[in-house]
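Heads up, there are several structures right after this.
In what comes next, subunit A is part of two complexes: it sits with subunit B in the first one and with subunit C in the second one.
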Partner chain A sequence: MSAQKKRNFKIEAFKHRVDLDPKYAEKTWKVLEHAIHEIYNHNASGLSFEELYRNAYNMVLHKHGEKLYSGLVTTMTWHLKEISQSIEAAQGDLFLEELNRKWGEHTKALQMIRDILMYMDRTFVTSSRKTPVYELGLNLWRDNIIRSSKIQDRQLNTILELIHKERTGEVINRGLMRNITKMLMNLGTSVYQEDFEKPFLDVSASFYSGESQQFIECCDCGEYLKKAERRLNEEMERVSQYLDAKTEPKITCVVEKEMIANHMKQLVHMENSGLVNMLVDDRYEDLSRMYNLFGRVTEGHRLIRDLMTSHLRETGKQLVTDPERLKDPVDFVQRLLDEKDKYDKIIATAFNNDKAFQNALNSSFEYFINLNSRSPEFISLYVNEKLHKNLKGVNEEDVEIVLDKVMMLFRYLQEKDIFEKYYKQHLAKRLLSGKTVSDDAERSLIVKLKTECGYQFTCKLEGMFTDMKTSQDTMQGFYASQGFEAGECPTLAVQVLTTGSWPTQSSAACNLPAEILGVCDKFRAYYLGTHSGRRLTWQTNMGTADLKATFANGQKHELNVSTYQMCVLLLFNSADRLSCKEIEQATVIPSQDLKRCLQSLACVRGKNVLRKDPMSKDIAEDDIFSVNDKFTSKFFKIKIGTVIAQKESEPEKQETRQQVEEDRKPQIEAAIIRVMKARRVADYNNIVMEVTKQLQLRFLPNPVVIKKRIESLIEREFLERDEGDRKLYRYLA
Partner chain B sequence: MASGRGRIRFNVGGKIFETTATTLANAGRHSMLGALLDDSWNPRQTVEGEAAANAEYFIDRSPACFAVLLDLLRTGELHVPPNMPEKLLYREALFYGLLDQVRAALWGPFDGNRLQLVDSVSGRAPGDGTAIRAGPDGGCCVAHGSMVHVYDWMLEEHRPISLDYQQVNDVGYIDAESIVITARERLGKGDGGMGVFSSSTGELRHRFRVSHYDQVKSFTAGALSFGSSDYKIFASCKGRCNEYGIGVWDQITGQQADFFYEPPGCSLGDADKLQWLDGDKCLMVATLFPRTDNCFIGLLDFRDKGVIWSWSDAGTSVSLSLDEKRVLHAIAIEDSRSICVVNQYDDLGFIDLRSNAGGVRWSSRSKLTNRKAPNEESCYPKLATHNGQLFSSMNDGISVFCGPEWVLTSTLRRSYGGSICDFSIGGDRLFALHSEENVFDVWETPPSRFI
Partner chain C sequence: MHKSGRGHRDKVQQFMAITGSSEKAAIQALKASDWHLEGAFDVFYSQPHIRTVTDSRHLEELYNRYKDPYVDMILVDGITLLCNDLQVDPQDIVMLVISWHMKAATMCEFSRQEFIGGLQFLGIDTTEKFRDKLSYMRSELKDEQKFREIYNFAFGWAKEKGQKSLALDTAIGMWQLLFAERHWPLVDHWCQFLQVRHNKAISRDTWSQLLEFAKTVDLQLSNYDEEGAWPYLIDEFVEYLTENGIVQSHQN
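What follows is the complex of A and B.
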């Protein structure tokens, strides 16, 4: 028997877990670390993406994500330190290029590393809230390169230096600049702003503050603006070429502040080339440039506007108060219109039709036109001149343009009622003398006045036109009723004028010659027969007559004369010589008018159908007149005008003014009553304000006058003063 | 064998696949296949074009799954063979970085009328569920007592979030990674309140604080709402010293941004439902189960701290009878300027937001035919809206209403699990939690296919 060897059973512990190679993580990481090194050393061609991806995948799967991530940070940081040294070593101009080159390499490597670690990015990074690989690479670059003490300042200074070079006209490598700024942008907006934009703006500010100082010392205003505009465009182009678009408003703001805002007062007031000179010389291009540049800064346009206004007021004031100008009203108005045209054109071409500028222009005109109290009269005279003769042969559109311009001046007038007064007089003369050129033009102006000032303003003017029309009809009716009988008498043309519509001229009727008187009586009988309850008076001072005259040498002429002149001439049918006094007695023409009338018949060359003895310009009571036998003229028709002053004489002016003041009284009173009727109680200031508002379409009432009217109304017991408060007025009804 | 232009050959786990660059472009540059073919990893390709085209890419993965995913890239459709577990496929898709494509092929944009039941997931927690919330990426979380169970879009359960026996009141997603939980304060402990947890690890990331007059106070947080445009979180809060109201925090910093103290007559701290209205920039607060006061629904404007609209049943509850219609849930529909409510008979009602005095206009058209007395097992009905469709849960089904008149167009129902105690729509999915058994249903819209 063999001794059985007892064997001890050895129970081995149950291996319930198959451990991975404990060095697995370390080994795998070594592979990946090596790959990252190779990628940075441009040696990636030997690497298998699939293998690396799988290794990274396995590490994350086996919960070594943390190790992988921290390993990545260490390795990448190590490489970036290397890179930083090589960038630091680059000399001079090569510095930026080296930085750019390394940046390119780093982003390329970073992309490949991200590819390998894609699985970690998707799983470990999101669940543990870490920074994704690519972003991590950018952050490490920012901290180790861009913000390292040896690179940060150098990079900034190099960039700023290059930009300075470009500003002084050198050509720089814009592509490189674009890459560098793009890199800063990629690292985050805050990096771009802090590491580049802010210092860039500071440097730019000091550059432009120096340059603008230099420019302003040696350039005139136009030249300076040209340079500023060019600088502004350069900066915008720079932004579009190699900076971030968001920098544009910031850098333009710097240029605007340094080159425009800080110097604009100096610029507009610059001697010999400032704003005033530009305006005077119509330098549209410079003005437009100034408008555009100043528009970029606050208060810029206002500065231009204020200076333009004060200049306009100054020149306008000179224009309207120059005694030389007052001699020729038509020229006076023409100059105003020219001035207006000039500024309209400036505003349209250079100031972009800016409403604020137009308003400034209007208020300036309003200001200085009303400085001269004769402006309304002159404007009316201008219209008279235009509608009288100057518009002959001009087409309708041009007429409209002239009328529109006149209306524009009219709008500036404060005393529109004075204009109305004169306009009525002038229109009456035009209508009665049949000298108005175009009925359409006349009516068109009235329509314009109506739209501007309302029905009341023009109803009398329209009445004048109606009178002219009905007169025509009346005359036709008159001749139809007289039959052939009329042929034996002088032909009569009567214009029946409504009292009130026409400017009343209180003149005593003269004695009409017997031949005329007969026809006149027939007409009076006819007219009163057709219209009951009317009264006819003859306005002999406004008529005209055509006379056939045969002179001693057998020459026949047709004389076109005024009614007064006719009366005088017909006297010579029965007498050879008459003294001035005799004529006055026979005709009862007011002596002032008679003198003018005789002057025109005897003293004007070529039209002297009477001879005066003695031959002098002035008419004396004892002067003797006779028919001028030696009168010759190559014309058959001869128009003998009356010597009348075109402008009003000084006393006439005073008279008109007084009349206007008189007319205003009831208007002011009516306005006061309207106000008080609505308010019942109001204080003095309020009344003045409201009344002024109501009347300003016609004229600007003087507060003193309003005060007087109030007193008058109190006297007539329309109003009373409040017993407690003397400033208050009450309406009594 | 002449390989044509753009042809690419793979050797996956020993099996050869051949495909084209165009097909692979569907994977995108930010996928494993996109990176594999990128020029930076194939430097020779440009030099020796022909040779590289014949090269073979080796991938050490399962060929079966690769075939399915390659088919997905070719056709945009996903056909999983019956013997292949879905989880396996998802794992492979994650490896290749193709999960987004897989997810898009699995279900389409949400449409209440085309929903299909795709899964019913049983949880292990005992007791009734409190709430279910859909995540933005197709996952969901279920609150049970003091636990919140988190599921990702593959319906795989993550580590549950445990609140140390504090009762969870409400949950919500800030994003797919972050879940906000409100919890009841336990007396004497000074805990409770509200925190952000990681959905993948279940860790507490941040606790929201409430301070009154610069003093941090403990509180019980109730209903939650998220402002979409300004990254705010709203929660109804009950402090211990009558500091009732609505707290506002910043989603990014986590700091308290505002506090709307409860004005008299409006109960805010007890609110059951908060809803941020983006168009009106105000918050709807509904307190429907008040302890003392009346039901209250109001719109709060935080800019000037005003209640700009409110409704209350104070007037109507004089005749207290069992038949009385009680508002049990409410939801604001901004497009139709109204608030939709539901009562114990599952009637829908509407309150006009444009007038302040209007009452509830109960809708007869949506009334259910089989009106039964509220039975012992039924749950309170819930409401939700999505893309102009209105959803209402009742007993064991969910009704879908559409159009301006809110016509009933679909009903979602399944046979077991008991009545639905809560449901939620998000990530193009609808999740319905049942009360009797701890099970929730997942409804999806099938992707639109050609043919």
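What follows is the complex of A and C.
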């Protein structure tokens, strides 16, 4: 109580000496001891913090810290023993609750005690290196309660039992659990780990081991994975709800091991529901789940990937070697594209666009596409179908998408030079018959090929387009220069093809009919007039003609025919009946082609403008042909020409392949020379390796062929064997 | 200058007569062999750079004897006559060795330079000397290095002028001849294989590599290396041998 009046403050030294009451320490302690009791008996409200603090302070000051400290230990321990008994006495469910409650009380008491004894904590405890009060309190709790023999096991078992109950579907008191585990954590990480976590993990492991065994016997793959996923989520939720966060990776690891890793192989190979079935049925959800779950385990993804690869290779192999499929090239390619789309979707949707899976997909495709040596031809035929006006025909935007997809297949081809050969043939047919769906689409594909394979691949193809354009200009110039009246002679449209850019076809020239010879010669004269030093040869196996026909029954039709067909038909302007032999003599068309030509004119319903005697399908030398005066068709314009590109016959295929093999020889030699020029000396294996690398964008060279080329080069003295080591080859400058 | 005793002088004379060498060379050789005639011959003949002086008149005579009446070359008739004089069969392999020494361009003909130059080198200017040299020349075939040279020479010599490769029939004939001297058990299989599977001319590389093959690869082909940069014909030959069970295949 300070006086009401104002005073000047003076600080005086302690005037009176403090009594060294020998019983002082004991007395003070008694006060504190009493206080502790009261605190534990929930009677703290009657205490004066300030007084207790002062007492503790004085004790320490007068060097009685030791007494205070040990007194504290004794008192607390006594109380804890009491508490322990009360907890032990709790029955059944109340056990944990009691434990929890007492713990709460204890910590509260501890706080108060610590506050009171704070001076001791800061001075005596530090200098004598004793455990600080709060920590001391925790340790005493640990030793007397948690680790007491009657409580320790019971506590653990109770907790584990509750968790087990929850796993089997019962609801438990999570708040209580949380408090208990928090308590253990507060007592120290090692307490938490030894007294709870480790046994928890062990029990969980055997629980999941048993459960997974059960599931695997009665569930199919998809169901099992769902269950596994559910359990995994459960455990993670459990951790977040009432376990320490550090337990999460450990428990998930247990579940992953027991439920996934131990049964991976069995799951993936499960009959009727395993990976293969999921892939076949496009079960994106199941696949995604599998991907995510297996991703948690080492080698999990590898397992999926390997099985997917072998399945894909197997299906792919069947696709390309099935004889039924091979009958329709366009369908063949379409199926390949569909398969690619399917797997692209699977990888994007279910496998998270995983690059490793993409690579597996690519390598599988590369493997089986090249199992069929006709793949390049078929792909070209597919492109042909998409770009050809008369056929299915797709609109421009779709064409672009289709072409991009085709380019993907193209990249897988090992023998790209064979594709080039067929592509050239088909493109030539499309250009010359004027049937390409869109010039832009054609050029766009060529650009894509150029990007993929380099300029050399496409320069000739571009030459073809140039020729077409130039021919248009030439025709304009021609007609401008002639200035003649329409109707005077047949209208001529000429395409001038540069040899070398276009696919080579041996053409035996046939006799052109008189009706058109005039204008043909005029053109030849005009062209050679403006381009001296060139040679023009009519390619009679490639042209078309539009003829106006009047039949004896009065029917008028316009016929669109090939050049050969025109030559044959015009003969009938001056003769009624002609034998096959006579026709051959007059037109000089090669007999194979003539036979096909006559068949197309006389043996096809709806287009039989000629009549054949006898009516058989085969053409014999003595068969007599005449105009079919009874010919009728509901169409005015009739197309009889045979120009559409088709799958090659067996002998044609052999010939094409032979040509390609021949073309490869100089390419291989050029590559060998390049390699040897750079290296000067090399052995056989190195040469093969380098040459293969150089040519890989076009084809895969056969090592035996490379050897033969080397020997040919030795003979022509480009290379020699090294004198010292016969295994080395040397470049001869 | 030693005083040569009478016995020595005789020997020197004999030596000179037989080898056609100079007196100096004769004395050298005899001294080196301690005045034993046979030893002296060995010494003399194993020193190829000892040029014996040949009488160019004799050489001309010899050449003219064999030369064709219309052309300045020795052709088939001349060679037949030569063989007669030497008492050897025209198919005898020693003719090949002779051609090799002469560096003859083509079989069945010798140019003036080839003939005379070759004989000069060999130290021959009479038919007798020629005959005497024959056994020596046959022995040269036993020398590894010389055999290889002769073998490789044979390719250029046996092929048609202006051709790069050797016709198969000729090649087979030459191989039969050569591998009779230096035995190679697979030669018959090789020739058969070529006739059945190849039926085309033989390149120089194949020719020369075949000798290496015969020398290095054993009869069971156990040390045949697929990566050994052998010509492809030889690779095919190995395949042929294993296919037909002539040799057991090895899983390398």
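Everything that follows uses one rule, which is that the second predicted complex is superposed on the first by the 700 of 733 C-alpha atoms of A that agree within 3 Å, B and C clash if a C-alpha of one lies under 4 Å from a C-alpha of the other, contacts with A are read in each partner's own complex, and residues count from 1 in each chain.
Definition applied: a contact is a pair of C-beta atoms (placed from the backbone, for glycine too) under 8 Å apart; a residue touches a chain by one contact, two chains touch by 3 or more.
Just so it is clear, the structure is predicted and the values come from calculations on it, not from any experiment.
Visitor: Mind checking subunit B and subunit C on superposed subunit A, clash or fit?
Guide: fit
Visitor: Who does A:Q111 touch here: subunit B (first), subunit C (second), both, or neither?
Guide: After superposing on A, A:Q111 lies in contact with subunit B but is clear of subunit C.
Visitor: If you tally the residues of subunit A touched by each partner, is the higher count for subunit B or for subunit C?
Guide: Residues of subunit A touched, subunit B against subunit C: more for B.
Visitor: Give one of first, second, both or neither to describe whether A:R54 is in contact with subunit B, with subunit C, with both, or with none.
Guide: In the superposed model, A:R54 contacts subunit B only, not subunit C.
Visitor: Quick check on the superposed pair: does A:R726 touch subunit B, subunit C, both, or neither? Answer first, second, both or neither.
Guide: Second partner only, subunit C.
Visitor: If we overlay the two complexes on their shared chain A, which of subunit B and subunit C does A:A44 touch? Say first, second, both or neither.
Guide: first
Visitor: Should A:E711 be classified as contacting the first partner (subunit B), the second (subunit C), both, or neither?
Guide: Second partner only, subunit C.
Visitor: Which partner does A:R122 contact after superposing on A: first (subunit B), second (subunit C), both, neither?
Guide: The answer is first: A:R122 touches subunit B but not subunit C.
Visitor: Rounded to the nearest 10 degrees, how wide is the angle at the Cα centre of subunit A between the Cα centres of subunit B and subunit C?
Guide: 100
Visitor: Subunit B and subunit C, closest CA-CA distance after overlay, in Å?
Guide: 48
Visitor: So which positions on subunit A get touched by both subunit B and subunit C?
Guide: Common interface on subunit A, subunit B vs subunit C: nothing in common.
Visitor: Given the complex with subunit C, which residues does subunit A contribute to the contact?
Guide: Going by the criterion above, the answer is residues 683-685, 704, 707-708, 711, 714-715, 721, 726-729.
Visitor: Which of the residues in subunit B come into contact with subunit A in the complex?
Guide: Listed in rising order, the residues are 30-32, 35-36, 38, 40-41, 43-44, 57-60, 94-95, 97, 177, 198, 200-201.
Visitor: Which residues of subunit C touch subunit A in their complex?
Guide: 164-165, 203-206, 209, 212, 227-229, 231-232, 235
Visitor: For subunit A, which residues are in contact with subunit B within the complex?
Guide: Listed in rising order, the residues are 44-45, 47, 49-50, 53-54, 57, 108, 111-112, 115, 118-119, 122-123, 126-127, 129.
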